[in-house]
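Think of it as A, B, C and D in the order they're written, each chain with its own count starting at 1.
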Amino acid sequence: MNIYGTLFRISTFGESHGPAIGVVIDGCPAGLEINESFIQTELTRRKPGQSKITTQRKESDTFKILSGVFEGKSTGTPIALFIENEDQRSKDYSHIQHTYRPSHADFTYDAKYGFRDYRGGGRSSARETAARVAAGAIAKLLLKTVGVEISAFVSQVGDLKAPHYTQLNLSKTEDNIVRCPDASVAEKMIALIDEVRLSRDTVGGIVTCVIKNTPVGLGEPVFDKLHAELGKAMLSINAVKGFEYGSGFEGVRLRGSQHNDEFYNEGGKIRTKTNHSGGIQGGISNGEDIYFNVAFKPVATIMKDQYTVDKDGNETTVSGKGRHDPCVVPRAVPIVEAMAALVLADFYLRAKSSRLS
Amino acid sequence: MNIYGTLFRISTFGESHGPAIGVVIDGCPAGLEINESFIQTELTRRKPGQSKITTQRKESDTFKILSGVFEGKSTGTPIALFIENEDQRSKDYSHIQHTYRPSHADFTYDAKYGFRDYRGGGRSSARETAARVAAGAIAKLLLKTVGVEISAFVSQVGDLKAPHYTQLNLSKTEDNIVRCPDASVAEKMIALIDEVRLSRDTVGGIVTCVIKNTPVGLGEPVFDKLHAELGKAMLSINAVKGFEYGSGFEGVRLRGSQHNDEFYNEGGKIRTKTNHSGGIQGGISNGEDIYFNVAFKPVATIMKDQYTVDKDGNETTVSGKGRHDPCVVPRAVPIVEAMAALVLADFYLRAKSSRLS
Amino acid sequence: MNIYGTLFRISTFGESHGPAIGVVIDGCPAGLEINESFIQTELTRRKPGQSKITTQRKESDTFKILSGVFEGKSTGTPIALFIENEDQRSKDYSHIQHTYRPSHADFTYDAKYGFRDYRGGGRSSARETAARVAAGAIAKLLLKTVGVEISAFVSQVGDLKAPHYTQLNLSKTEDNIVRCPDASVAEKMIALIDEVRLSRDTVGGIVTCVIKNTPVGLGEPVFDKLHAELGKAMLSINAVKGFEYGSGFEGVRLRGSQHNDEFYNEGGKIRTKTNHSGGIQGGISNGEDIYFNVAFKPVATIMKDQYTVDKDGNETTVSGKGRHDPCVVPRAVPIVEAMAALVLADFYLRAKSSRLS
Amino acid sequence: MNIYGTLFRISTFGESHGPAIGVVIDGCPAGLEINESFIQTELTRRKPGQSKITTQRKESDTFKILSGVFEGKSTGTPIALFIENEDQRSKDYSHIQHTYRPSHADFTYDAKYGFRDYRGGGRSSARETAARVAAGAIAKLLLKTVGVEISAFVSQVGDLKAPHYTQLNLSKTEDNIVRCPDASVAEKMIALIDEVRLSRDTVGGIVTCVIKNTPVGLGEPVFDKLHAELGKAMLSINAVKGFEYGSGFEGVRLRGSQHNDEFYNEGGKIRTKTNHSGGIQGGISNGEDIYFNVAFKPVATIMKDQYTVDKDGNETTVSGKGRHDPCVVPRAVPIVEAMAALVLADFYLRAKSSRLS
């Protein structure tokens, strides 16, 4: 399924080396100012070739709006965003055409569909996430009208960890190429990624996302809990292996008396003293910061020979060619934000019918 | 949204202290033998009062099939399962009627809906999961026709951890009341839960789920990746704070060369030497074991006074009454299995149209 | 699919001779007063045995609310309505167990599902519509809060036609058993139905539905046009063969200059002079009366021998047993209204996100 | 909602005078040969300017496939089809920018969305149907693999009617510009349309569609009956006012004994002697011909002055400019076929999970 969302719905398309990728957004309310330069900024944060620690594929990732915007505003009809693939020159893919790269989707796509577009990974390429970022930018514009702010950053690379988000200045995330707001940790992370790259290997990491000013009441019982949908959205991003929100996996070690977030009255507003709940209780936002961690595995394409089989089952070896991301998390930051924005925009619209006005 | 699934769809209803809870299953293929005693067994695994380490609420959780089954088989029309609430006697709820229990859904439900059924938590009570288990039992029956086996167990309580699943005999899970297949760890877990219970507190834990014999090819790119939907399904269970599959959060520390699962040919079948992928590549099952961890926070209801506010914002205290689960994971085991079964049954049906026959 | 609607969603279940039928309503906004006697009134309008021109099956069609209502109001969680089947005594169904009744669903259900619940038609029985009427009653309660009024009536039986709705007093619909507000036409219709019944035959008819005070702006381009969804809803009712709105099939004979509805300003409100559009333009309500016709075929069960085959293809004959409706339209009136209410309630909620507030 | 279908899903976008229109098809099974010249043939049947009785807008309606097809076959991933608007030169739209054309969607779009893209009707223009035809062509290719044949034709223009489809040779539909397979009736229809055009007026008509060789068992009880979904699909086409299948509105006049379709055994195949059911019983295909009528109103744009109001409520007049279709039905034939194909393709895939294999 390449469609996502209930009321704010996106439908994405495109392969890594086809003519174009894109997205159709259905359900964006009319009257939203569509700031095109903001959309471009978001795409640029994700695009390849932005720094020495990312893949050097050449894509400007410029987009065109084909519909749904008139005189600078959304009209309520589908907004189609279109991004041409520039780097689609005929390459030599013979090494992967018949061979299954370890921990890629080559084998499973063949098994499911009978064959696959093997050029650059086809639909399973992370190139697909550019469409998510474009759509997420519009979701962010919608959310900004009610004050919601979404900030993701790199909180871990390999064993290197940044401090807890409450001890960071999130406005500094874009100050370095690894997108970690702690400058000294960032420096180490960059050094680690560079070292891994030189050893022709890859490394994993964690992106943390913080959402401020979420209106109280977003999220739907029982299956569409806010964190359940956030989890699905994050886990749908290539290379993601885990999701936790609030106290997450660490929370299991605590006692209820330590973990519970007591309520208090702050000048007429009901708030919690602590926030192990991660801003979500019973699947519904309570107005506190929403925060969660997204675990990314090391990129599967490495520049070393690995044992594998071809599609006829013959044993062989394969190695990456060209240049790939040695670590995916710096470029994953805007993708995580985009998916978070898509989830929140959808729940924001859905909440409009929670009760009789 | 109280509806879940695309082709194998469930619609659940019911509050903790209303007359009944239940589920309507739409899309179960015709001709499936509906083994009622199996459904009852599953419900009994989840029901309260089953051991000294669970809540003592009295519910037999017996069900009635209202439709969709004829002469012992599914007819292809909706299967409605109905469970009467026995323990719905009028209790004294005055302590929570106007007061927000910390880390419960009281405040958010009020904020979202304007008021709430406060009796026993209403719809936000984990009682709702009985309907999931009933539906999941039917999903399991469907999956058994193609050999899929789903086994969950308690792998962690507080700081106490069981070994990796590959070192356990999963047939021993039901041998003890905590549902950990390692007898000596189980004993310690039971002691810990009992100690926590006596201190009027609660503790969290982790449920691990292992799925064997999944057909290759289940899961849909790009948003409905198999692990993304499993993640959503698990995160929709009450008290869940995190989800990871395969190498999960630990995997981020590895290098690609360590993490990649090399393919080999095992007597004509393409397999992987390791399984950091957790049986899923590119969002699609590859035939290896699917395994994942689900983190449960400590139960929010504790038998101690906690500071909080009432719905008018006045500061007050609240304490649990009656007897509650000191740790949710033993009873969560069948719930995790049920949600996994619902996800797989749905993808199994969806995969029927992946390619021209 | 036994689920209907996008935001105001119903999930129905139940067979003609199973223990019960019912419906789960998901998405009803919180805070709606649930007037139970109104729901009962609607069910009573549909129930069998209400007059000499309907089937004499004995059903009180009393319902029970199992969830989603607290202190008389909807809570925002699923509302489950449950109706026990009283007349489920073991009858002799040997004449239809193996034999395909002409123009019934016996053959197609067998072909699709491999077997069927043959008792009284099973799921394909019009008994299923009681669940729609119950859910529709709640949709009507929601719509009443914004002033929408839905009135259906019998406008044709066989060749007997009532005048155009604008020449009728719709408050008189319930004054006679055929539910035609024109008393003299009603008398002839009743005589015709009775005559048909005595000749052991059946006859078709048309139900017309008029919706007043619809807010401007309901309906979604391009596939979910208001009249398209109304059409689907009506065509999903048993025995319906056609749907037309506004000028309908007659409108094809007109010229554009005759058919177009010119706008004028009525005291500040934009209105149309004529209403060939039937209150819907471009799939969106314009505030004028919505009106449409629904064609019902003659009931398939007749008390005469008809040629047919059994499930092994042997030629045989079959005849109806017991007493059945000689004409379905009098009892179809509340069903048509219910489906119209479900459609409008859904679009009413969906319209809340048409534009930035 | 600009998304249609459950498993074979389309998402369309584009305005009449924006840069492009298009469609994303999600859920097309892998391995289908995508015959591009067939898609172009279908688009050419719909395109403007094809004869003297259609609008003279200049559009070649050539399409480009952006994704989802590799080496001539569908890959199972989304197929995006893109059609540039050629005739988007800046015209003078001042006459409709502020003025509501009678029986158009101008007023309702403004009322719903707050403003509208007024150029050529924006999203409410029938130009949007080109995307449906492109998607429908792919649905037809899928259906052809199981033998389904879909043929629509013009059966009525104004008062001029063609004989019943069973008396026509449907292979002659494309032999004349009005697409009526009866040559002599076609001639009269063309003369009528031409006369209406010269009088600066428009006229309505009916398109009949016949579907042969539908597999038995397509259609889903109870809300997604095959004819209910066909009805919705047809009613979602611009200018459609009514839908009837099988005996339709005429059927209401018959007695059950006349209307019922008796079964017989034709060489081992169960068939019906008559086909008032229109190939669908209980919402499920029975293998006989499916046939239905779709009523189109006269085109709303006429070349005469009509009274209306502007958006501030001032009374004024408006008249059509340029050249428009004097009758929509000739060009509607491929649109009706396309929507029928989309419905059947979806049900064909859905039926794959009706029963245990």
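A few remarks follow.
The rule is short, and it goes like this: contacts are C-beta pairs under 8 Å (C-beta built on N, C-alpha and C of every residue); 3 or more make two chains touch, one makes a residue touch a chain.
Quick caveat, the model's predicted, so the values are computed rather than measured.
Two chain pairs, B-C and C-D, are weighed by contacting C-beta pairs, with C-D ahead. Using the average of C-alpha coordinates as each chain's centre, C ends up farthest from chain A.
Mean C-alpha position of chain A lies 46 Å from that of chain C. Rounded to whole angstrom units, the spacing between the C-alpha centres of chain C and chain D is 26. Distance between chain B and chain C, defined via averaged C-alpha coordinates, is recorded as 39 Å.
Multi-chain contact residues of chain B, defined as those touching 2 or more other chains: 1-3, 6, 12, 27, 30-31, 76-77, 109, 112-114, 123, 221, 354-355. Put simply, chain B touches chain C in their complex at residues 1-3, 9, 11-15, 18-22, 24, 26-27, 30-31, 64, 66-68, 70-71, 73, 75-80, 82, 109, 112-117, 122-123. Against chain B, the residues of chain A that register as touching in their complex are 1-4, 6, 12, 100, 102-105, 107-109, 111-114, 123-124, 128, 156, 158-159, 196, 201-206, 216-217, 219-225, 227-229, 231-236, 241-249, 251-265, 268, 270, 272-273, 276-278, 281-286, 293, 295-302, 304, 306-309, 313-315, 351, 354-355. Of all residues in chain A, only 6-7, 27, 29-32, 76-77, 145, 221, 349-350, 352-356 touch chain C in the complex they form.
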